[in-house]
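We call the chains A, B, C, D, E and F, going by the order they appear; numbering starts again at 1 in every chain.
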């Protein structure tokens, strides 16, 4: 089923995080906690924060981060046009080396929308 | 006067852009045009776009880009809290190497607010 | 057959570009168009431009971009020695973190040459 | 068996290095030689040098380099705690974009320890 | 006097950190606290941690971070040879683009040693 | 006089390299030697190699490296158009964050040409 890769991604991510937590000391744990906090609703909406997280990950070309934030953007109800406008900024800021990642974002986006219809 | 460095920055930026345009061919000119277009209001507000531009510049640690977008954020009416929340995402995504740039953002922000009161 | 992965790469690249174009707005489309234009023959030859594109991709460590430009270099008739000299610059500029990518370039190069003999 | 991926990694790395050496000229060969020399025991121990190599690779997010140095760290007798402390520095310096790589380091570390018990 | 630039650097750094703290929320403050914790003595010595911090900053080419860690390395009693060996790793990992920063490290190192004799 | 900053740049660069060589061990010295060798005429011309060096430095945004290669390009007789075409590739590959550096390249280029007329 189309949803499989995303479930697999989430499951593996969780298992790997468990391994990190097994070895990780206090500083690492605190960092992981901060990493959740900064995306929580504040004066900026969760949508805006996820878009900022996505485009930051895009210009730094971190595939796993991009995948994670793309899923979050989808779940927070970002529209096609909002996604496209944010990604266009990332493309202009970061140049053609972001294109392979942009391809993956839209491929995943299409999958997320297709799954939703099942 | 406190406003001086910002005016100087804008003036020098314009002069240098003129030099680029003097040598730049069609592709370069088209790129510069795209670089303005992606920040224009669309489904996302100008505020959101400037914050995305700022945090992208921050994680890529481009001082001139950061300065430019900080001024834009100020002019679009971004509040202190909105700025701080966006920058916190950049700090977590990009790590402590973003700190020297974050120092400069807040220093400039303070100047922009101080100038506004004159 | 040895040529398979390259065909697969090109095919997938095309399909993914179609997905990008499906969602992409005007700015994104214009950027993609610029991305072709800058490699076209001008005062610099296509060969020189592809080598510049390849080494830029190498120092930025973008695997898909590297793969694309390596194929282009091969098709424009770059010789083994020319390729090696360009890559040596990338290695010195970008350091040992470029080595995993250099390994892939030469592996692909060997495949491209082997396929040509079939 | 659990040890398989590591053997495969080492074997492929060696084969690919042979391909590089087949095409590589004098500068490339000299660079490869320097790349071994800097990790040899000097005033700093091999352990310290491998940790520096690992964290540098981590903040630059070079997966193959990370894998190589993690194996070296294991073989030089780095302890769990030493590894964790070094990686925590990389996490703070490089931010959340290093997390996908940190996950892989600890996963590999666990495998290396499990294999040792067989 | 030779010591001036270093004092100025430290003073400005402190003032700017105060400005950050003025605007910074809880996440930012917690990150700054983590940023001190990871360099404290643990299973790894402070010396080793500072060298890891320095070389990470070097390969990421963050001038202010490099300056800070160079001063720390000096104050923790790192020797000329230890510094040189660590930096050599950074040079090989990060390539010739680290050279401008390496020049600054040694220039500062020389100043730190000269000041100590006054 | 207009030529001053360039002379100053070259003089300071030389002095700093002397400081590096004062502290630098064998590996560092060998690297510096490799760094000259890769730009020497081979199957590729010096012009092509300098352009590759310049664009690599541009996409990695290393100001001192960019300055050095721009001067080299000028001295090897690169024309305005050749420079512009190479830089356009860098702009497209690396995105808008390269623009502040492109501004500096053209400003320096103009100075180099003006000085030549004196």
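As a working rule, a contact is a pair of C-beta atoms (placed from the backbone, for glycine too) under 8 Å apart; a residue touches a chain by one contact, two chains touch by 3 or more.
Computed from a prediction, not measured in an experiment: that's the story for all the values here.
With every chain reduced to the mean of its CA atoms, the largest distance from subunit B is reached by D. Equivalent interface to A-C within the set D-E, C-E or B-F: B-F (over half of contact pairs identical by residue number). Should one ask which of B-E and B-D has more C-beta pairs in contact, the pair is B-E.
Centre to centre, using the average C-alpha position, subunit C and subunit D are separated by 27 Å. Averaged C-alpha coordinates put the centre of subunit B at 32 Å from the centre of subunit C.
Residue positions 27, 31, 34-35, 38, 57, 59-60, 65, 81, 85, 88, 91-94, 96-97 of subunit D are each in touch with at least two other chains.
Taken as a contact graph, with one node per protein chain and an edge wherever two chains touch, the assembly is complete, since every chain touches every other chain.
Per the touch definition, subunit C reaches subunit E in the complex via residues 59, 91-98. Subunit D meets subunit E in the complex at residues 31, 34-35, 38-39, 42-44, 48-49, 51-53, 55-57, 59-60, 65, 79, 81-82, 85-86, 88-94. Listing the residues of subunit B that touch subunit C in their complex gives 26-27, 30-31, 34, 37-38.
The residues of subunit C lying in touch with subunit D in their complex are 61, 80-81, 83-85, 87-88, 91-92, 96-97, 99-100, 102-104, 106-107, 109-110.
Note for the complex: subunit F touches subunit E at residues 13, 16-17, 19-20, 22-25, 27-28, 31-32, 35, 57, 60, 62-65.
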